[in-house]
């Protein structure tokens, strides 16, 4: 088996002395998509924020390509090859689409040739290049975020709730993008509420409940739907 | 009467440009880290005094020395009073910078004394008389330099990678970081630039007035802050626009009501603007 | 010698009153770097009235009323501003007031108002200080006022839960603050016999900020202690004005770096607690100032006060 791209060991993180993530451990290999599900407040967003370095972990190790990154600040992790797309799409609304794409220039492995490739892949962006990014629709913003993440050349993409506020058809388009990315060899850590709709693209599923991780073995759609309903309806954490 | 009015307008525009340099500094710092560095006005005095002292070595040297030293002191103020307090709350940072500014001012008074020092104008001697309006070459040079610095600021902000980093950090610091922008470095550079600009403004003031003093910071610094508030905190075009407005207003008030009330007028304008448009004249950056 | 130190004590007392008042403003989230201007205005008022033969007590009341009114106006205008921007505006305001006053020949211009009789002595100043301390201890500490101050600083919207709009709370706090500093200003004019525009300067306002910040704004005695110490020490060491500025500024910076809440801690005088046999814990549970978000403590009691959201749920 190929060496994992991302390794997380016993990650503990919290706010003001109160741990939100407890002993989170998992691996993510190249070209894999790991789906993270769990109730609100379970720590999914915190996990991504801690991995990208915007939130200080209390303890634990994070390795990217075998190299420890947990002591690096956020911008170093970004340059090391981690891309983060938060719930709010992570674009700067007041800057133009072009400026937003240009943010990738600070990244891991940007080359000028990547821009035409992006615009070809997402023609809607080419049309809106000089508009403020905030005027794009939700789906278009998501595409912009993905385009920029791609231009950074990052191998690892951490995406938080991409389907938020998007119509199901658009969500399908977005998920198709992820499938393409995975086929291209990138790894995706995907936090997503609509587990049932996206589970078919996942190589593995991680359930986070009350800050703890439970790998989900049985991934057939019915079971996953049931599980989603269970956790979102507020079933108690397993003993 | 016409020539007089134009003269006042001209003076107003000149002082407006100088205020713009200071206001730009305040706007830049606000945009970069949502704070006001109260040591920044002291850079007016730092720049002016250093330039005055080194003028014997030539105008370029005086400029370079004044600007450089202002930037350096600014960077020191960042590391000592801003960075350690940023994580606490903005008021703590404000008070800490107040402390640092007081130290700078006190040291300047210690070195130089409390009296004004004369300063020779940096520009060539002479003037044009255009239909009763006196335009000194010195003033022309000051305006030219101000315009140049403003143009440089705009060019850097819109056309360079650093400018993009600055703008991204101003709107969304976390996203900027997650994209690989070293926001710490942006903050330091913003501080250095703001203080350099303010120091330059001090040199301009000294050149126009013909004298410098350690207490220069308060007056023009205050105008710069007021202009920033009027223009919209963090908005650079707003700061420039408001500065010009302020300069003109002060010039005309000075003409009509005498010098003393000029500064009070700035505050009055700020009150009016804040009541009518709380975000400032232009949208916040 | 005694007369000199008596005089210094009076000045220290005046500074203590002013610093206490500034602390109230700071606690409500409104840092004013122009407070000396309010005091100066009051000083001019008191001096003018006294020269006209108005009874002393009325002079004080009028002075406090004038500075309170100015404070009211300022804080209403400044409702749009928060934190830093308000501080900057207060600085501008102080300077503007100073300039306007110094331009008025009927107020004595740059030389100021002279010839005011020296109508006060140390005991009166100390009496006011005692009243302030008592008010602080008995009323402020336990009251909704204290709660609102804390909320104003940290989460202004929650003030509405206490039954008052945050705008009103802010304005009331600032007006109270400037009213009290007006009393200090009146004391000052009757102590020195003179009030000048330079008494309203940024320098003087800065001094007040130093006194309050170094002493600690979250207690009644803190700012007074700060004012007392920082008034007496430079006198002891015969500092020049410039040296004093450096000392004050340096202390200000140091305190912000090391102990941002000031010398006197936020829960002072546990001794009195023990003596009085009262437990403040229960009362502090909802609004203990040591739960200020962002404070870098990990004590168990600082786990973060649960905040109520609009729909009634609680979130971290």
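Letters A, B and C mark the chains in the order given here, with residues in each chain numbered from 1 onward.
Assume a residue touches a chain if its C-beta (ideal position, glycine included) is under 8 Å from a C-beta of that chain, and two chains touch if they have at least 3 such contacts.
On a predicted model such as this, the values are computed, not experimentally measured, just so you know.
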Of all other chains, the one whose Cα centre sits farthest from chain B: A
Chain pair whose interface holds the most contacting C-beta pairs: B-C
Most centrally placed chain, judged by C-alpha centres: B
Whole-Å separation of chain centres (CA-atom averages), chain A against chain B: 43
Where chain B and chain C are represented by their mean Cα positions, the distance between them in whole Å: 30
Inter-centroid spacing, chain C versus chain A (mean Cα positions, whole Å): 50
Chain A partner contacts - residues on chain B that touch it in the complex: 161, 164-165, 167-168, 171-172, 174-184
Touching residues (chain side chain A, partner chain B) in the complex: 52-54, 73-75, 78-79, 83-84, 86, 90-95, 99, 102-108, 148, 152
Contacting residues of chain B [partner chain C, same complex]: 34-36, 80-81, 84-85, 87-96, 98-103, 105-107, 109-110, 114, 218, 222, 225-226, 229, 233, 258, 260-261, 263-264, 266-268, 270-271, 274-275, 278
Footprint of chain B on chain C - complex, ascending: 26, 29, 31, 33, 77-78, 80-81, 83-85, 87-89, 91-93, 95-97, 99-100, 102-103, 202, 206, 209-210, 213, 242-243, 245-246, 248-254, 256-257, 260, 294, 296
